[in-house]
Amino acid sequence: MSLGYYFLLPVIFSFLTPYFKKIGLLRASSILLNLLLFLQTLVYTMMSLPQISLFSIKPPLGIAFILDGYSLLFLLIFTFSGLMVSLYMPWFFKANPRRDEARFYLFFNMLIAGSIGMILSCDIFNLYIFFEITGICSYTLSAYNKDKLGLESGIKYLIIGSIASIFIVFAIMLIYLQIGTVNLGLIAQRFHQIDPKISVLIVLMLFIGFGTKAELFPMNFWAPDIYQGSISPVNGLFSSVVAKAYLFVFFHLFYLFGLNSKYMLFVMVIGAITFLVSEFTALNQTNVKRLFAYSTLGQLGILFMAFSTNSIDTVSGALFHLTSHSISKLLIFLTLGILIHKLKSMKIDILGGFKSTFLTIVLVISFLSVLGIPPFSGFIGKILILKGFALSHNYAAVAFILLVSIVEAIYFFRIIAMMLDKSRAKVIVNVGVMNYAILAVLAALIVLFGIYPSLLLHYTDLAANALLHPTNYLTYALGVGL
Amino acid sequence: MIFQIILLIMLAYVVGFIYFGLYRNITARIQSRYGPSVYQSFYDSIKLFSKKNTVNFGWMFYLGPVIMATGAILTLVLIPIFSDSDFLRSVTSQGNLFVLLYLMVLGPLGNALAVGTGGNPFGVMGVVRGLTRLIGLELPFYIAVVGLIIAANSSDIVHIIDLQKTTGLNIINHPLLFIGAMISMVGFFGESPFDIPGAPQEVYSGPRTEFSGKFLALLMSQGSLFAFAKLVLIVDLFLGGADSLEMLILKTFAIFVTIIFIGVVYGRYKVEQAVDFLMKLPTLIAVLGLARVVWFG
Amino acid sequence: MNSIFLLLNLLPILFLYQFGGALHVELNFTSSFTLSLIQTPLGTFFAYLSMISFLLVTIAQKSKKFSFSYYMLQLLLSLAMFMIVLAGDFITFFIGWEIMTWSSYFIISKSKNIDTKSLQKYILFSLASAFSLIAGMVIAYSFAHSFDFSVISSAFRDMPFNIQITLIVLFSLSFFTKAGVIGLHYWVVDTYSKAPDLFSSILSAVMSKMGIYGLFLIYGHIVGYQELKMMFGTILNGTNFGYTLAWIGVATSIIATFKAITQDEVKKLLAYSSIAQLGYIITVIGFGTAYGVAGAMYHTLIHTIIKLLLFINVAAIVAQTGKSKFSELGGLIYRTPVSFVMLLIGIIGLAGMPPLGGFASKFMMYNAAIDTKFALILIGMLFSGAASFLYCYKLVYGIYLGHPTSKNLETTKEVPISYLIPQIILALLLVLTGAFPGAFIKVINPVLVEFSLSTIPYSGLGVMNSAVGSFNGLFIISAFVVFFVLILLLITRIKSKAKNNLNRFDISYCGEVPAQDTSLHFGFGFGADLHKIKFANAILKRSSSSFYESLATQTKKTSELFSRMYYGNIHNTMLIILLFFSALFFIGVN
Amino acid sequence: MLEFFNDTQTIHFIIIVGSMSLFFIGFYGIATQKNLVKILVSFDIMESALFLFFIGLHYKVGLVAPILDKHLKTFTNMVDPVPQAMILTTIVIGLAVLALGLSFGIEYYKLTGRNDISKMNELRD
């Protein structure tokens, strides 16, 4: 078994899409692929870390995939989300019949491949390639609805993506010019040798490049548009996979290059502003997709604040929060897909206009989890983050997060009140068996991680350790002892 | 003990009615009238017991005056009458000043319930005015009582009486508190300027509008009992109590006359005027007295 | 279903009884937190209080049909409270606290009368309270490196002074919000009045007590009354801290009392009365003396009993008549006589009159104030007590006395027995607490020991001792009964022919005869005079709502301002990114 | 005189100036143009500038292209091959993005008749 399969399998499946389409197994093939990827990840959870897979030459010269604790957690999230979405898609296509399902599956598979590639590759140039693969797939997926809105979002995403990629290419070139290598291990070793001014430039370019894609303020004005223009399962993927992948890279490089001491405050402030602005903006939204897009931005803001703290406990909490947020947002967007289909509207009123106890319960669970209310998983993440901030005597951050969380609560509970309001006209919504299962699994995970957090904390601790103390990663990335 | 209680009630009954008669007389003389006989109220009450009721509004209307009378008698027996005697001491030691403060309101509550049952809007209006007035009226009195309790560091009335033997009378030690309490007392006796609840001409007789026959008699009787109890309380608190019947009559009468004279001179305040007034000067006086106790006592 | 949940509600009580005071459970939640349940005398008191309240309310719920989810949420709520009062660390406490918040939220949302605004008010204040708590928790953790109460308590002494103050303020704010201290009470009235009628009793009687429990926990257990004294110094015979807190409490009770009088909705009146009564508790809770703690605890007990009784009573009446305003009710006394007597007992307790339990608790609190020589505080309490007679009378008059205001009130039947059973139990409890106030000293003393305060001497079941005097509840109640019976016998002996069962319009009415449509119910008259009184008017015309409304408006405006940035012009977005880069670059290079 | 140009420093200087001016032309295009096609072209110009910059700075006088043939028998005296490989890949990616962008643009134009990106504002609340 090799880490290469994470890229190879999706590529093979993507190339075989026309064939699968011909034999009518398109949907099944995607489920199979994602299941395979997920199972492979489950197998990796039982193996010792880090794992490395070489392609011909060993690093630092050759190309390799490295799986450490940090990327393992993300792999779990990505493959799980992929599996859930692929299971959801048959219903979606049955409800919204399309002629070009193959196009979706092609890019969906590649999106997963690109995201996973981004978190596994151990040299910055390959990382860039996967970045672009993810990018192209997301442009296409966001323009999957070939109507005005879809195309507009695709174009917007493409333009923003191009800007980000120019910055990243520039940064990579500067790094190569300065150090003469693209291997992450070597860069990490030699990064401090770079002339300070050039290093500032490189860092800024990487910051802008990945920050734009990771939807940081003030580079995130495009993000809600993209969510609005694309279909719900893709929203779920953007929120729980793509944004998280960029966040992964951001902090992977952040800690590998040892930028934490110098730029910690900066990233924290940017994260805080993102959180503040997004939550306030979300208050004023009447479009459900935009609303939850802003909510995603806000949560990313908290995550950026917490990830930049350089303390294992806080980062572990942030990873916990990230995981639970991914699950919650996936649940929310998949449910939105059902509601938008049934109620034929994207106005926020649809959340008050459906009648289904099951959907109400799962939505409420996910909302409470996002708000960090026990006994749901969001609470553990939030309390760990707050505890971490308090331990570093950063009480301002504690107060800030809590105050803005109240703003967040305003709109979440407005929606809950809407759902519980019996005076509204309600449309009975029947959830299919498959969707029932998917949403139930997601909600069950939220509850499970909330009441038995050790299950997940094991992985987040591992991940936080790997992120903050990448010694093992570096030895593998440098190819020592292979 | 039972004998003593009966004796006490009879004493209070007689003295209360005589005081009431005197009150009517004195008021009349001040207003250049002759006024009724001193015993007129007494006769009235006896007579009313045997008169027929004009109306009855059901059992709560029945129980209200009973509760009121119970409250009055309970108040009476819990106040030490004589300072240096064992007269009912075993009973009075079961309560204290706070119990009295609240028992004094229990009776009016019973009355208010009966009035409410009667359903006469004027009666209820009177009750509401009375309760509203109480907001202001209690204030100086409470402050005075609290001042005395803090000065004596005890809410036991017997203790307060005994203490006055060594430290001198409270009326001299705490004149401000006395003034405050007396102003409240004017209201408690339903005297002008605080006689708005039962104001004739305005709301008939206020709370008593619907009562007749034995109920009215009961109300009148409890009124005189209660009046006596209040007078004894003031005597106990400020004048060092009384060790004999003569002293008791003398001291209570002195207080009573003071209250009448204050009442006769003034016109009637509206409720809001009464409360506004009570919350200003009397409260201020009492608070000054209290401050003296707390900070310099 | 009702019976099943009745049994389920019994379980926690049996569970607690089974452990007999020695419950200690620990559970490793995560590597850094341990969940623990530890039974303290204080917690046990509150646990029994809340569990029995739930039991009684569940009995009353038999009369109406409630859905399964309602019962489930209520069970969850009771378990959450169980968790709160037995928690041995902040994580357990907080989890219980939040489950309490949202389970009650969902129960409230099931009400017919509820609207989104009230729900939002409720949840936002609850969350603000929770977030204030969580902030305090993590700050305490940053010094103690543990969420355990005892560890934090011992670490508290070594914290810097400003941190100590911050912690006390944060925790106090959190619990004040739950208890509804004036200024933070914005949610209370709406929520209590619009919640399902029977659930209002839980809200007022039990849930607000969790705030009181929290205050006890903080002042008595975590900070410690001795430590408070050392931190803030003393004034008169009490602490400066207690004095400040007492003023907050007194202001709360006075303001809420006046507001209560002017309410036309029955449950709003009860809600304000609840705020006022909790104001008393907050007044004495900070005194830091044995009698202060005892008074607060006794009043907690009494207020729980009274508010359960009153809210169940009102719920029954609302269910029976469909009316919930004083101006729409009236004259029910002979239609629902048992309910009337129960409410009467309730308001006698609420007004704090002897011989019922309400007096015993007031007595304890007043004596605590005398003990510390907080004279003005005491006068404030007495003053608001005097004003509270008005709303007590309004409550009984508006519903049961006076005249029926509509036809169907004249044919109302007595409320179902399941409403009456809990009321009768509670009324008996109220009588018992009045007759045997001394019995409670035995409950209080272990708590005083827990807080390392001196204990209260016990001298007989009927006797309530205090620093400056005592009274015998048993004697007073028996004397009352004896005199009452004697006078009653006396007066019934006197035969007088009365025309019974008169037409209710047969009253003296300025020489006129009131007609059918003459408004005889004095429902609106209450509180009208208050507006003319300067002091009362000053209180009544002010409201915290304008502050919170403007806060909401400001939030909305900020939100609109921010959302104007997201107007979707990709070209500008591009330029902003480039400009941002350039700006950062110049800052970074220089 | 042309020897002057046969100096590594000079060549690097010219490449830096040239590529940077090209870059800023692209930059100018992004900042001022609103036509989607022009924007995409500007991006391409910027990317080309970067490629030029990167490849150019790795050239030193006297080195040959890293292609094994009769001039180059051993791995000496040749230009660093890594940048060349990287740039080749990047060009391909850039091409893909450009193609995708143009196809989006065309479809969008077919639907709406517009190609002004600042007027694409139907995605809003």
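Quick notes
Letters A, B, C and D mark the chains in the order given here, with residues in each chain numbered from 1 onward.
In the analysis below, a contact is a pair of C-beta atoms (placed from the backbone, for glycine too) under 8 Å apart; a residue touches a chain by one contact, two chains touch by 3 or more.
For clarity, every value in this text was computed on a predicted model and none was experimentally measured.
Connectivity of the assembly in the absence of chain C: the other chains, held in place, form the touching groups A, D | B. Chain centre most remote from that of chain D: B (centre = mean of CA atoms). Judged by contacting C-beta pairs, the busier of the interfaces B-C and C-D is B-C. In terms of their C-alpha centroids, the spacing between chain A and chain B amounts to 78 Å.
Here the spacing of chain B and chain C, counted between their Cα centres, is 34 Å.
Taking the mean of the C-alpha atoms as each chain's centre, chain C and chain D sit 72 Å apart. Chain B and chain D have Cα centroids separated by 102 Å.
Residue positions of chain D touching 2 or more other chains: 30, 117, 120, 123-125.
Each of the following residues of chain C touches two or more other chains: 563, 566, 568, 570, 572, 574, 578. Under the stated contact rule, the graph of chain-to-chain touches falls outside the line, ring, star and complete shapes. Pairwise, the chains that touch each other are A-C, A-D, B-C, C-D. Residues 236, 331, 333-334, 340, 344, 348, 351-354, 359, 362-363, 366-367, 370, 373, 375-376, 378-379, 382-383, 386-387, 389-390, 392-393, 396-397, 400-403, 466, 468-472, 475-476, 479-480, 483-484, 487-488, 491, 494, 496-500, 502, 504, 506-510, 520-522, 525-526, 529-530, 532-536 of chain C are the ones that touch chain B when the two sit in their complex.
Those residues of chain B lying in contact with chain C across their complex are 49-58, 60, 62-63, 65-67, 69-70, 73-74, 77-78, 91, 94-99, 101-103, 105-106, 109, 112-113, 116-122, 124-125, 127-129, 131-132, 134-136, 138-139, 142-143, 146-147, 149-150, 153-156, 159, 204, 209-210, 213-214, 218, 270-272, 275-276, 279, 287, 290, 293-294. Chain A makes touch with chain C in their complex at residues 155-156, 159-160, 163, 167, 197, 200-201, 203-205, 207-208, 212, 218-219, 221-222, 224-225, 277, 280-285, 313, 368, 371, 373-375, 379-380, 383, 386-387, 389-391, 393, 395, 398-399, 402-403, 405-407, 409-410, 413-414, 416-418, 420-421, 453-454, 457, 461. Note for the complex: chain C touches chain A at residues 28-32, 91, 94-95, 98-99, 101-102, 105-106, 109-110, 116, 119-120, 123-124, 127-128, 130-132, 134-135, 138-139, 141-142, 555-556, 558-560, 562-563, 565-566, 568, 570, 572-574, 576-578, 580-581, 584-585, 588-589. Taken in their complex, chain D has these residues touching chain C: 27, 30-31, 34, 117-118, 120-121, 123-125.
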